[in-house]
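Each in structure tokens, the structures are laid out below.
Next come two complexes built around subunit A: one with subunit B, the other with subunit C.
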Partner chain A sequence: MIINRLRRLVENITIPVLAVILGLLASVFFVALANADPIQTYRNLFCEGFGPQGCETFSDLVIIRVEQEDGTSQSFFSPFYGENGHSLAIVIERATILILTALSATVAFKAGMFSIGMDGQLVLGALTAVFLGVWLPKQIYALAGVPDADSAPEALRTIMHLIVPLICILAAMTVGAFYSWIAGFLKVKLNVNELISTIILNSIATQVAIWLIAFPLRSPDPNSTPRTDRIDDTAWLIPFNRVLLPDVEWLEGARVGIGIVFALIALVVIGIYLYRTTAGYEQRMTRGSRLFARFGGIPSDRAAIRAMLISGALSGLAGAIQILGVDRRVVGEFASVGYGFDGVLVAILARESIAGILLVACFYAGLQQGATNLQFGNLPRQLGGIIIAFIILFNSMENFFRSNIARLQSRIRPNRGQAAPESASGATS
Partner chain B sequence: MSRLVRPALILVVLAALVGMFSVSLVSAQDASDYVDPCLAEGAEAGAEAEAVEVPDNSDISFQIILPGARGDRSFTDSAAAGAERAIAELGVDGTIIEPSGAQEHDAAIRRAVQEDPNLVITIAVDASVVEELVDEYSDQKFAAQETFFPAPPEYDNLALFNILTHENSYLAGIAAGMLTRTKVVGAVGGGDFPGINLFIVGYEEGVKSVCADCTVLRSYVGGAEPFNDPVRAKELSLGLFSQGADILYQVAGRSGEGVLEAAKETGNFAIGVDSNQDDLYPGTVIVSAMKRVDNAVFGFVESIVNDTYVPGTTNVGLAEGYAGLSWDVGICSRTFDENGPEDLVEKLPAVRQAIDEARAKILAGEIVVTNALFDSAS
Partner chain C sequence: MPKAVEMRHIRKFFPSSGVLACDDVNLSVEKGEIHAIVGENGAGKTTLMSILYGLVQPDEGQILIDEKPVRISHPNEAIHSGIGMVHQHFKLVPSFTIAENIMLGIEPNKAGFINSTTEAETVRKLADSFGLPINPNARIADISVGMQQRVEILKTLQRNAQILILDEPTAVLTPQEVHELYNVIRKLAQGGRTILLITHKLLEVKDVADRVSVMRRGRLIGTHNVADVSIRDMANMMVGREVILQVEKKPAQPGDIVLKAENLLVAGSGGVPAVFGATLEVRAGEIVGIAGVSGNGQTEFIEAIAGMRPVEGGNISLLGTDITHRKVRDRRNTGMAHIPEDRMTMGLNLLTNLDENVAVTRYQEEPYSKAGFLQFSAIRSFAQKIIKDYQVKSARVGEEIKTLSGGNLQKVVLGRELDGNPKFIIANQPTRGLDVGSIEFVHKTLVEARDKGSAILLVSVELDEILSLSDRIIVMFDGRIMGVLDIKDANEQDIGILMAGGSLEKDHPAQEKA
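And now, the complex of A and B:
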């Protein structure tokens, strides 16, 4: 039993690593097309994505030697070496939204609803947050009789700083949940395929968002790209390195704030909900077979709708955090970035496991970051995208790797042959 | 060749006859007297070109953040071309960054600052982003182009450079007003905002100055990607053409490719923008209202090399040579003369003369073109 579990663990680590290596090998062709040195390119990719400042070799990712001012050099454990900011801080900033959208996808999937409506829910949530973040403080200032934000008394601002973001987030979650509920309702009552309905709902939300950003919510400042006003400072989830931890250089350049804490809490809560509560059990049973679950006494329709509500609320939260904590305004392109779709991808790659989501979201965020910054090595920006795509492609071949490993094992040690297929099927369920 | 020579000969004879017998057609005769400065000086300029030795300034570095991906054959490409010219001619070390969109500008600029370059150049980045970063990295020199602040900012480390294009758009409008056959012309903008209306209002005034009864139609691409949606721009253009317009002025970045394509397909005409787009569809693009973003970028880098960097706001336009037409001396695009339909090509000397006169009047202050950027009432 222990040996089996150990082997499963080794497999679970080897397969992704193998997939990444294969993905990198496959992209060599395109790197060569761009007239670049593959090793150097990959070194840049990982250093930019996960390394500290001044990272130049693969070993710098683990231990970095830094020349001191007096001429001697000192070694640091890289993840903790934060001089001038660390890429991992930006990875956390980017991973926050991925974790939340991936959780959103997972909850829906776990109820047998293949909803990919995260984008629509997220965009509407973001717009709700930005609208309230701009409008609500103005109303409060007007009520308190203060002419503008700067002259508001400190006490009022402190109270607002506690309440306003919370209201924005709750409103965004409500809007996201409602928008997701539509797809759930259509599925349960009218048996409309949720994949189709969420795609359509995404498209509607995107168009509405584009119109809202281009006209009613548009900032009056002269600007060539349509965008909303910036949220009031009291609605801002201020990044840690601006106020609370100004001396932590590790965080420099990243907008990591309370958002990541929300994301981590959401991870734990959803983990408990899915695996430790009756409601979670109900929705997981619903996934297996709606009819069978109903015959077993499980209100499967209600479980499906509940899953959609939670899923939508998580997407709305993701949008709100991105706006309140990172962007502070919605730019026209926000509607078509596809954060939600990245979340679906993360959820699928993580095999819908809670711990997996955390790891994959961070890895994916780091790769994205590294890929964008490949340009600082004078490489075309499209190259990074190709490398990411190959890595994901090979990662999605997990079943193939697993069955081949099992076959290999049974060939080497035929007496263990029976155990192998069992572990293979157990891991994929 | 003979096909061109014969009509030309007939024309010259006709023009001479008309000139002799009719006094009322003085302007036509003047036009035939118009000496194309490009043809007169073109050969000389070519001979003057010589190989310049590239100085070694590899210890000077700059980072330029473009608004988005390259490949619009217009604004973004023009900025990138300026950066590439700076790298090649000044021998400096430069990196060109193409973010995937406005949401990546902040991160890209922060990353660029970490490289510790002598100058960070931002192109069409939002004012609030620029302001925040300039304030945060007070040791880093910044140069911003195409960033519109509500009030001129004052930072010791920010050089702001705006190219005002209402005047050269006016000149392009004169071309459109004189060459239109239907008395209906149009403009397709990226979106309805001051930075774009700067072009369109100037163009409209130019059209009206030579053709008071002409109608000028407007259309805006809008949407999530106003400057990267050629398909939508093409649909809009087809709509304008079906309303009777025969010349469209495009002010929409990469979306504008759709405008040019629609003009080509329907046998109508277009006016290009930002870069010299005359050669994209020879015979369809009459002229391009150029905005020398490339010169601005080159100038930024040069100011660092020569140590003449000055913070503050600079507004330039027609007078300083940052805005002009592709017909101007120096570029001398004559693609439309060679590929355009005869009835329009005939009129070109007169058009050029009118443009030269208007240019002189603008520079002398006799014509004041509305600046939609500063005068947002229009």
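And now, the complex of A and C:
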């Protein structure tokens, strides 16, 4: 049993790792096209993505030697070396949203619903959060009879710090869930393909968002590009490096806050939901064979709708956390970044496994982060995208790899087998 | 006789299930012969043939085709060596036409454009040359299973197969279709092709094969001339003990009415009515068999009773409760169990593991779940119990179910459905794909359930099975129930007349003469 599990684990890890290596190799072509040195480029990519400050070689990713003031030098285990901030902290910041959107996709996929509506749900969730984060505190100040935030009593502000974000988050989750429900309803009642309906819903949400940001919710500041007001400080999920852990240098520059805790909780809760509860069982059984689900008496329509609601709520949560914890306002381009689609890719790369999502989200976030910083060199930012695209391509060639590995094994083994048939068969009987 | 196929010292171990599926197997098949392979469920028949077809790589061993050693590491290489295989579970594209399926991957094209007229023409010529008439433009989804099989065979012939592997080709066929298939096979063999035939129906082996190889637990324990062995010998060799081929049962003692269907109207797949006002009663402690040529409304009738198909008119009651429009779950809670015709898509979910498959009808009850949380230990022990009681070979709890052999999959379904004394059992082709030993066991189990007071509705394409298990037999033709026969008065001839739409009443002298 345990050996089997181990074997399967190795099998499941081999192909993604192989895909990453092949993806990096294939991308060398484009690096060369941009007239850059591949080794150096990848070194920068990984240092910027995963390394500590001052990371310059691949080995710095593991052990970094730092010159002390007194002229001696000392070695540190890189992931823990946080002088002036660490890229891994930013990886966590970026991974938060990826984890949530990937979970969102996974929950839908596990019910046999190929929904890619994460983007639309996330954008609407973000807008809900930003609207409430601006509007709600204003209402509360008006009710309390204070002119602005600064003159509000300390006690009121403390209470607001606790409940305003909570309300924003719950509202965003509700909006996301509702938006996702539409696709589920269309599928179950009218048999509308959920892939198509979510694509359409995404583009509707994007357009609505662009309009909302450009007109009703636009910040009155006349010379800015279209963007909303900044949320009130009481709605802000303040990053750890400002409040709880101000002395941890490792976190410097990273807007890592309570959001990652939410994401990790979501991972655990969704894991339990999918694999331990009867509700999760229902939706997993619905996938693959609806006929089987119906035959066994599983209310598969209900299970599919439930999956869509949960999926939407998670995307809404992702949008809310990105706004309340990181961006604090919605800018015009937000709607077209594609956080939701990144989540879909993470879910696919992780093969919809819960632990896999955590790993892949961090890896993906690091690549994104490294690639963004590459553009400070002479390389286009798109390189990161190209590498990621290649990795996904190779990863999806799973069957090709599997059959070739099997074939390879059979090429090697028969010779061995024929060389010593007696001993081999003797061992088994 | 030159040898068409020789497999030497083939060994295959599946680490994931811990099964030695082929253990030093030596098989030799002469050119132009029909060679049957028989053996218990999970004996390794499909695996051995998959190795020959390049779908599975052996750990050890050698394959010779036409007395030359070959290495077959992919079905393409098998096809290249002139081997074709028709699988236990068909692999056709339902939304494609017959011609498109046959020509899949080898389409005649001009600059990349497929010419569907030539495609259809090629296929028609091919079919005619083998005397296997088909309509190349019909879609797979619309044709009968027997026809689909013909398409699979033509597909291999189009690829010029000289060695044809058929994995349980008759399991899903009606007797008429079986007859036609064997004519085709004989003709192909006479034309010099070599046929490898896996089957559980020993009568057919006697009927059509020249030689037979028996497999048991991964070993090939002998090859015989069919003329030299009896059916009983074969059964005993397979199972390793004496098999009782006859069902032993006492006369039924029917009790109260359990299921009642009145004037049922049910639509078929295309929306056209398939069942016209069928009325039926099944009592506790009896087995009612439904006989009929496939496609005369039995499937629709059964599915309506099971809740898998809406009822357009009439009503159904189970133990006094009106269930006409109730959901499957309500029906099951009232006491229904259902062994479906199609285990691959309806009976099981092949994407998941054994535990999850056996839990499907019970996951909401204690002890299998508590307060919305699954209780794995209870589910596990239930799975364990099925594995033990039904001798599901090489199954392990928590393992993926798709690696089980066809017959073992069927046993999982049987175990799940028959456990816990259901009051009403729908058994649609309950022994499809089972070996003789398992058939004996399932028949015994069904009779036992009857004697404990279950009402059983049995559907089978095997008239033998209907005759030996049922206490009453109803015959369907063209969506209507043509007659109900008590087993004491039933004989094959009468049933045959009813199945063909005739009538048994004496005041039709014209028919009696005919």
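Just so we're on the same page, the second predicted complex is superposed on the first by the 395 of 429 C-alpha atoms of A that agree within 3 Å, B and C clash if a C-alpha of one lies under 4 Å from a C-alpha of the other, contacts with A are read in each partner's own complex, and residues count from 1 in each chain.
As a working rule, a contact is a pair of C-beta atoms (placed from the backbone, for glycine too) under 8 Å apart; a residue touches a chain by one contact, two chains touch by 3 or more.
All of these numbers come straight from a predicted model, not from anything done at the bench.
J.: Based on the superposed arrangement, let me know which partner A:I258 touches: subunit B (first), subunit C (second), both, or neither?
T.: Neither partner.
J.: Have a look at where A:R276 lands relative to subunit B and subunit C in the superposition and call it first, second, both or neither.
T.: In the superposed model, A:R276 contacts subunit C only, not subunit B.
J.: Should A:I348 be classified as contacting the first partner (subunit B), the second (subunit C), both, or neither?
T.: Neither partner.
J.: For A:V66 in the superposed arrangement: first (subunit B), second (subunit C), both or neither?
T.: Touch partners of A:V66: none, neither subunit B nor subunit C.
J.: In the superposed arrangement, does A:V248 touch subunit B (first), subunit C (second), both or neither?
T.: neither
J.: After superposition on the shared chain, which partner residues are touched by A:R230: those of subunit B (first), subunit C (second), both, or neither?
T.: It touches subunit B, and subunit C stays clear.
J.: Pick one for A:I199: touches subunit B only (first), subunit C only (second), both, or neither.
T.: Once the two structures are laid over each other on A, A:I199 reaches no partner at all.
J.: So, A:R284: does it touch subunit B (first), subunit C (second), both, or neither?
T.: It touches subunit C, and subunit B stays clear.
J.: Going by the contact rule at the top, pick out the subunit A residues touching subunit C in the complex.
T.: Against subunit C, subunit A makes touches at 1, 4, 7-8, 276-279, 281-282, 284-285, 287-289, 291-299, 403, 406-407, 409-411, 413-414, 417-418, 421, 424-425, 428-429.
J.: Quick one: which bits of subunit B touch subunit A in the complex? Just the residue numbers, please.
T.: So the residues of subunit B touching subunit A come out as 69, 95-104, 107-108, 110-112, 114-115, 124, 126-128, 146, 148, 150, 190-191, 193-196, 222-227, 373, 376.
J.: In the complex formed with subunit B, which residues of subunit A make contact?
T.: Those in contact with subunit B are residues 53, 84-85, 90, 206, 210, 213-214, 221-227, 230, 253, 327, 329, 331-337, 372-373, 375-376, 378, 381.
J.: Enumerate the contact residues on subunit C facing subunit A in the complex.
T.: Residues of subunit C touching subunit A: 9, 11, 13, 15-16, 20, 23-24, 57-62, 71, 73-74, 306, 308, 327-329, 331-332, 338, 340, 345-352, 356, 359-361, 363-364, 369, 372-374, 396, 398-399.
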